[in-house]
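Note that the chains take the letters A, B, C, D and E in the order they are written out, and that residue 1 is the start of every chain.
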Amino acid sequence: MNWSAPLPGVVLVGTVLVAGAYVASVLDAGAARLVAGRPLRVGELVAGPWREAALLARIRRSTTERPDAQTWALAPALLAAMAGVAVATVPLAPGVAVADVDDGIVLFGAAMAVVMVGAFLHGWSSNSVFPLVGGYRFVALALSYEMPLALVLIAAALPAQSLSVGAIVESQQGLWNVVRQPLGLPLFLVAGMGLAFWGPLGMSDGADLAGGTGVEASGPDRLAWALARHFVLVAVAVMGAAVFLGGWQGPGLPGALWMAIKTLVLLAVVVGVGHRVARIRLERFVVVAWAVLIPLALVDVFASGALAL
Amino acid sequence: MTDAALVADVAIWLFGGGSVVAAWLVFRTDSMVRAAYWLLASFVAVGMVMVLLQARFLGLVLVLMMAGEMTIMAAFMVMFMMNPAGLNPMSMVHQHTTAKVAGVVAFAGLAFVGLVAEFPDRPVDPASEPTAELGEELLGDSMLIFETAGVTLLATMIGAIAIAGKRGRFGNAQEGSAPPPVDPDAPAGPDAHPSPMHGGHGGHGGMHH
Amino acid sequence: MGLLSAAAGRAEVPVFPVVGVGGRQAAEALWLMPGIRVVDSPRAAVLLVVVGRLTRALLHPTMLVHDQLPGPRATLWWPGAGGATPDDGAQGTEDLLAALPDVVTTVPGDTAGLLAVFADLLSGRRPSGRPALVDVEYPRWRGVGPHGHGGEGMMGGVPFGRPLAEMADDPDGLMLDQLPLRVGPFFPAWPPGLILDVGLQGDVLRGVAVGDNPYRSWPGDEPVGPLDTALFLATRTMATTVAALEVARARHHLRWLSRTLRGHGLAARAQRVGALAQSLSVDDRPVVEALARRLGRDAGLAAATSGVGIVDRAALERVGIDRYGGPVARAAGLGIDARTHDPAYADLGFAPVIHHEGDARARLRQRAAEAAQALSLAERAGEIVRPPGRPVEGPRGVLAPREPLPSSALLALLPDLLDGLEWGDAVTTVASLDLDLEEAALDQSVATWPARTSGGPTGASTTGAAPTSTGPAPTGPAPTSRVTP
Amino acid sequence: MELQLLLVVSAALFGIGVYGALSQQTFVMIMMGIELMLNGAMLAGVALWGVSGAGAPKGQLLIVIILTVMAVEAALGFALVIGIFRTRQADMTEMLDELQG
Amino acid sequence: MAPFGAAVVVVLAGGIAVLAARWLPPAVGPEATAPERIPFLGGGVPEVHAWSRFHIRYYAMALLFLAFDMEMVFMYPWAVVFAAEGAVALVEMLMFITILLLGILYAWREGALSWAS
C-alpha cells in the first residue's frame, strides 16, 4: 500500500496517535495506582480513558471574559497536528512510512518547535493569570530543551549519514543507538518530557498554578488539550523508539510489533518517572539545561562523530 | 503537465498568496501575540514554498528557527508594548502616508524588475541532494564564512547579554536600583481591596439572587 | 448520546472542594476516596463539595467558584465534618447556602451519595445548578479619541469591564506591569482559607499582604473548630497518654507530607502517604522511618525545595516564632521543644531533631524525621500518662497557657518571606510552613486558648479524629532513638 | 512564469515590510517590518536558486546567511529594546526623540 | 515530493480533527453569565485584565537562544556530509561549537540564566 497517499497516511497516523494516547493514559492510571499502593483494577483501568473522555464531552465549554477565542481553539489543534507530522516522519515497519522525507529529523524538529507556539497560545488566550504564567513558563522550558533535543537527533544521524529517520533506523542494524550513543536516549527523554510538559517538567500545567495553561479549559476544550498533550507524548515515544531503540528491527517478531513494543517501553518509562519525580523548579531546569544538558548533548554529538569516522 | 506538478504549482500559489496575506495581517491586528504569529505564518508559508522549490532543508529549518524566534518576539512585544493584547483599540503608526507610498514604490520597483528581467531557465535537479551540497559547501569553499558566522554569533550573544543584562546576577537588588515598589495602586493590605461583595469591579461584582 | 452519558456517568467524579470551618480533614479525605478525583480548577469539576461550615466571608467566593463550574454542576454540603456534631452551627451555614441553588446535604465521606448525585446529573434526572450570582451586561467598548484609543488613552478606561494593569518599579530595572491579585480563599495550592493580596510582576511576587482571615466572620457564637491540633489543645484540661499525643503528631506531619507531595506533582505518592496517615498506629514506625529516609534522600524533591523560602533566625525572632519553637524553627536550627523539659518525656531520652538550612527542604526533612521520631517515642512511652495543664509541644510549636497559638506568628512570616519569589517558589514556601487559618482565626477572635473554660469546639469532646489506639505496648528494650541532635 | 510570479510575491512581502518598518512607532514592530523584508529577500533568493540557478550551493549559503542576519538582528534588537527601556522607560521611537530633545 | 505532501495532509487532518472535536455534541447550556466568565483566582475576583506587559524573567536566556539556535542550521547539513568529509569536518565543527560555547559560558558567568529574586 502507498502510505504516502492522503487517506492511508492520515488513517495510519491517526490510529497510531489515538491508540498510543489511549495506552499512555491506561499506563498512567495504572502507574498512579501502583505508586499509590491501591489495587490495580484492570477493568476500571481499561475503561477509564473512555469514561473520562465521555465525561469531558458532556461538560459544557466555559469561556472567560475576554479571551482570544480563535487562538485558544487553535492551540490543541496545533499540538495534535505537529504530533501527527512527527509520527509521519517515522517508518513504523519496513516500508511503512507516511512521510519518511530525507530531512526527517529537521521536519521533526520544526514540528516540535511549533509545539511551543501551541502551548504558549493555550496559556495566553484565556486572559487569565494562571494560564498566562503557565504559558510563559512553557516558553522558558521549550527554549531550554529544544537544543538538546535537536542535538541528540543530529548525533543519531551521524552514523546514518542522513537526516532521514528511515536511514537512521537502518543504520542501527546490529547495534542500537541506545548502546552506541548512551547519552542520547536519556537526553531525548528529558527533552521529550518537556515537549509533553509531563511529570517533572510539567511546570506549565503544574499544581502550583492550579493547572496552569489548562485552568480555564473545560469540557471539550479540556479533552482536546489532554488528547493533544498525549499525542505529543506518543510522538516522542515513537521517535525515540525509532532513533534509539532500532525502530522496527528485532528478531522473530514482525517489524510493526517490535516498533509497538519499543514505543510502549518508552511510554512506560516516561509515565513511571512522572509519578516518581517531583516537579522541578523552572529556574533550576533552565540553568541545568544550558549548563549541563546542552554540553552533554554536544559531547554526545562529537563522541558519536568520532565513533562514526 | 502531470497531476503531481499541477498540485505542486497550486500549492506554491496557495502558500505564496498566504504568505502575503499573513504579512499584511501582521500590521492589521491590535494583539501583539497575533501580530508575531501572523509573521510566523508568513514565514511558514515561505518555508513551504521553499520546500516545493526543492530547498527542502532550508524551508524546514526556516520554520524551526522562526517558531522559536517569533515566540520570543511575541514575548518581547507583550513585554514592551502598552496594551499588548489590543484590548483598547489603538493605532500605533506615524508618517502613514509616507510609509504607504514607500511600500508601494518598493513593491512596484521590485515587481517590475522581477517581471521584466530575463532569467535563464535552469531548474534544480529534483534528484539532487541540496542538504548534502550545502554541507559540502560549508565545510569546503565557504569554511571561512561558516566560522565567521560562529564568531558573529558569539559576538551577538555577548553583546546582547551585555546590553540587556545588568552586571552580575541581574535582578538582585543593586546599588542605585529602585526600592521595592510603593505603588499606590498595588495591594498594600487587606483594606486596600474593597471586598468584591461590596465594591464591585467594573460592574462585575456579584449579587445574590 | 445515551451511550456517551452512560460512560460519562461511570467516570471518576471530578470534585472541587470548598473548605469551610472544621472541614479540612474531611476535604483531604476526598483525595483518598475511590471513584473521586479532586481537581485543582473549578472548570474541571462537576461537583462542588462544601465541607464544614461556611462563614460570611466565604460566601461570595463560594458562589463565584460555583458559577465557575461549567456544568452540569451540583453542590454537595457536608456539614459536621471533622468531628463536630452535624448541627453544630449548621443553621448559619444553611442560611448562607440558601444563596446557592439546589444544595444537597449529605454526611461527610458519603461516597455513595456523592456518586448518586453525579449519576443523576449526567443522566439528566437532575438539572444542572443555576448560576448563583446575578448576570450583568458586559459594557460595550469601542475606541474613541484621535487614534482610535479607548477614550482615555491607550491604557485608560475599562475595556470589557476591567482596567488594564499599571506599571510598577522592579529591582530588575524594567518598569513593567504589575497585576494586583487577591488569590484565595479556595486556591488549591494554599491552605484553605488563606487569602493573599499580591502584586504579580511577570511570575514574581511583589508586595505581599495577608488578607482578612475568612474563618473569622462566623455568624454564630462559636467561631472555629475543631482544629487539627484538637488533641494537643485538649491537654489543658485532660490527661492524655504520651503515646496518643505522639501518634497524633506523626499523623499531623504525615498529612502535611501528603499535601506537600501533591503540591510537587506527586499525587500518587501523596495518596500512599495520606492513606498511611489515616490508619496510622505505633506499629507503622518502620514504615514511617523508611519513608522519612526516602524523602530525605529524594533528589527530585531536593531540587524542588532546597534553597526555597529560607527562614533565618532573625525572621523567626521578628515575628516571635522563637517563642513557639515548632518544626519551622527547628528546621532553622532553633532547638526549642517543650518536650525537652516535659517530665512525661523524661524517661524517653528525648532530644529534638534539628536541621540548620531553614529552607523548604529542611522543613520537609524536619517533619518527616519528627514523624518517625514521634512514633519511636510513642512506642517507648508505653502507658505513660501526661497530666493536664502544662505547656505542650503541638505539631506547629509550643502551646502554652496564656499564649496565642503559633499559626498567627507563622502567618506573619509570609509578607517578608514571599516578596520577590517566583510564583512556584512562593507556593512551595507557603506549603512548607504548615499554616492553619482556623487556628489563626481562633487566635485573633478568642485571644488565648486557656482563658476559656467551656468545652466548646476545641474542647475535649471534639477529639473524634484523635487516636485512641496507641498500639501494643513495646516489649523488650526500647529501640535506640534515631534522633539527630 | 513561475519565477516571475514568485518574484512578485517576494516583492509584495518586501513592500509590506517597508511599509511596516516606516509606519510603526515601536521598536519591536519595526523589527517585524525588517524581518518581513528579509523574508521577501529569502523567497526571491530561493526562487532564483530553484528555478534559474540550477541549485548552486552558494545560493543556499546566501539563505543561511540571511537567516543568521535575522537571528543577529533579532537578538541585538531585543537587547537594545531592553537596554533603552531600562534607562528611559521608552518603547517608541518618538518618545526617544522627545527624551533626547 | 509525495512524502512532503503526506506530511502537509497530516497537518491539516490533525488540526481539523481536533478543531472539530470542539464541536462534539456536548451539553450545550445557555450562554455563560458574566460571573461564570470571571477567570479563576481561587475564589477571588481579578481587578485587572491578565493581559499586561508581562515581565519575562528569562529574557537574557531568550536572547542567548536566538543566537545559539543558529548553530542548528549549520549542524544539520554538517551531519549529512560528516562521514564523507572525515576528521576535518569534526575539527571544523568543534571549532564552531567551541566558539559558541564561550557565549554560553559568558552568559552563565553573568548569571543571565538565573531568575530575578
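As a working rule, contacts are C-beta pairs under 8 Å (C-beta built on N, C-alpha and C of every residue); 3 or more make two chains touch, one makes a residue touch a chain.
All figures in this text were calculated on a predicted structure; none of them were measured in a lab.
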item: Remaining connected clusters, assuming subunit C were absent and nothing shifted; value: one piece
item: Path length in steps (a step moves to a chain that is touched) from subunit A to subunit D; value: 2
item: Labels of chains that are neighbours to subunit B and to subunit E; value: A, C, D
item: Chain whose average C-alpha position is farthest from subunit E's own; value: C
item: Result of counting contacting C-beta pairs for A-E and B-C, higher pair; value: A-E
item: Farthest chain relative to subunit B (centres taken as mean CA coordinates); value: C
item: Separation of subunit C from subunit D, taking each centre as the mean of its C-alpha atoms, in whole Å; value: 53
item: Subunit C and subunit E: spacing of chain centres that average the CA atoms, whole Å; value: 36
item: Where subunit A and subunit B are represented by their mean Cα positions, the distance between them in whole Å; value: 25
item: Distance from the mean Cα position of subunit D to that of subunit B, given in whole angstrom; value: 10
item: Of all residues in subunit E, the ones touching two or more other chains; value: 2, 4-5, 25, 27, 29, 34-36, 38, 40-42, 44-47, 49-57, 59, 62-74, 76, 79-82, 104, 107, 114-117
item: Residues within subunit D bordering two or more other chains; value: 64, 67-68, 71-72, 74-75, 78-79, 82, 85
item: Where subunit A touches two or more other chains at once, by residue number; value: 57-62, 65-66, 101, 103, 106-107, 109, 124, 127, 129, 136, 139, 143, 146, 150, 163, 210, 215-216, 219, 282-283
item: Which pairs of chains touch, using the document's own definition; value: A-B, A-C, A-E, B-C, B-D, B-E, C-D, C-E, D-E
item: In the complex with subunit B, residue positions of subunit C that touch it; value: 57, 59-60, 63-64, 67, 99, 101, 130, 132-134, 136-137, 139, 142-143, 147-150, 154-164, 166, 168-174, 176, 178, 180-182, 197-199, 206-207, 209-212, 419-420
item: Subunit E to subunit B touching residues, read off their complex; value: 1-2, 4-5, 8, 34-35, 38, 44-47, 49, 51-57, 59-60, 62-74, 76-82, 85, 88-89, 92, 95-96, 99-100, 102-104, 106-107, 110-112, 114-117
item: Residues of subunit D touching subunit C in the complex; value: 82, 85-86, 89
item: Interfacial residue positions of subunit B with respect to subunit C in the complex; value: 79, 82-83, 87-91, 166, 170-174, 177-181, 183, 185-190, 192-193, 195-197, 201-204, 206-209
item: Residues on subunit C engaged by subunit D in the complex (per definition of touch); value: 173-175
